[in-house]
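Each chain gets a letter, A, B, C and D, in the order it is written, and its residues are counted from 1.
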């Protein structure tokens, strides 16, 4: 993650693209990449999405790479550590959704999450 | 990242929520979280987005955590390493957008990216 | 549609909110509203999405209203007639996907669309 | 709007694509189209977004058409009138954000909306 962050900084600086990388713009780019990822899943069933063919899976892998690129770049511009932020969120969720109370319940899942 | 992935697996298993975590559903959840992040940026200027007040920045940090949670969870369900995928994408982009050719150009940036 | 467009203009002018309604901002707001709509569908099956309970359906109706509000507002700021644009798109698609060639094929559907 | 809705029904039926048009899938398609629209705005300023060149504006018009297509299609599958839903939402917002209280305030705008 650290080396990825550094590479992305150097990539933007070498091209003088820092000027386009405001958090406002980067969150738009992040959203666009998520949609490119979503496009592969829009017409297939949930079961099919658990069993992608090799060609689709490779495209999906590249789109996941793009999403991660913009997420890391956005977090860096804001001085935020995205993995630490995620770790904290997991701890919050563990307290908020006690396993014994919400287990297996779609209804509870919808209400809580 | 590895410990985050493990924690998210245990979180879902303990609650029997694996059944809801098809890649199709997870990409929808990822998209929803990105929108919750975007909401903080929709009415402000690019300059303002570079200088968030402390309260907004904290909310943004939590939303970035949520986005990372679903990105890691989705990638795990597909057996994809998201950081490796991002690293590869950076290498591809370095070759595709040579610094000397695209430096500082918004137009080039739009065409290429 | 015409009266909706007019009402939205008056709404923004009366509040001096035109200044926030740049197309860039409005497309972000549109995206956020679509995600609020999507949230109701993220953990349910396709079958369930065809049979929403009354309470969810009412929330979905309101979110569809929000999406339409921002779509009409964005189109108006750009001087675009969204219904005419959609009509044209249908004509293009009718030529592009001849019924006899693509009928019932998920594969074709994915490739073409 | 009525004729657009009818055309979209016939388009789907003639191709036996009703089977793919669950509300869950359609909201994903709607989200993907909004992102294709957003892509044209991600690296430009708010001022630039108010003054698109002719070529970009034409592309934007087509994307707005696509967004409208899926919004009308989704609403139809759910038996919802999207324009009526939007009209109602405007009435709700007029009561919720009294002009004299929120005029010109970005802060109020953010808090309220």
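The rule is simple: a residue touches a chain if its C-beta (ideal position, glycine included) is under 8 Å from a C-beta of that chain, and two chains touch if they have at least 3 such contacts.
Remember, predicted model here, so these are calculated numbers, not experimental data.
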If you line up contacts by residue number, which pair in C-D, A-C or A-D shares over half of them with B-D? Let me know.
-> A-C
Classification of the chain A:chain B interface as same or different, half of numbers criterion | same
In angstrom, rounded to a whole number, how far apart do the mean CA points of chain A and chain B lie?
-> 3
Interchain centroid distance [CA atoms averaged], chain A/chain C, Å = 24
Shared-interface residues of chain B (touching two or more other chains) are 20, 25, 28, 31, 34-35, 38, 41, 43-46, 106, 109
Flag every residue of chain D that touches chain C in the complex, lowest number first.
-> 1, 3-4, 7-8, 11, 14-17, 19-20, 22-25, 27-28, 30-31, 34-35, 37-38, 41, 44-50, 52, 57, 60-62, 64-69, 71-72, 74-75, 77-78, 80, 82-83, 85-90, 93-94, 97, 99, 102-104, 106, 109
In the complex, go through chain B and note every residue touching chain D.
-> 28, 31, 43-46, 106, 109-110, 113
Which residues of chain C touch chain B in their complex?
-> 20, 25, 28-29, 31-32, 34-36, 38-39, 41-43
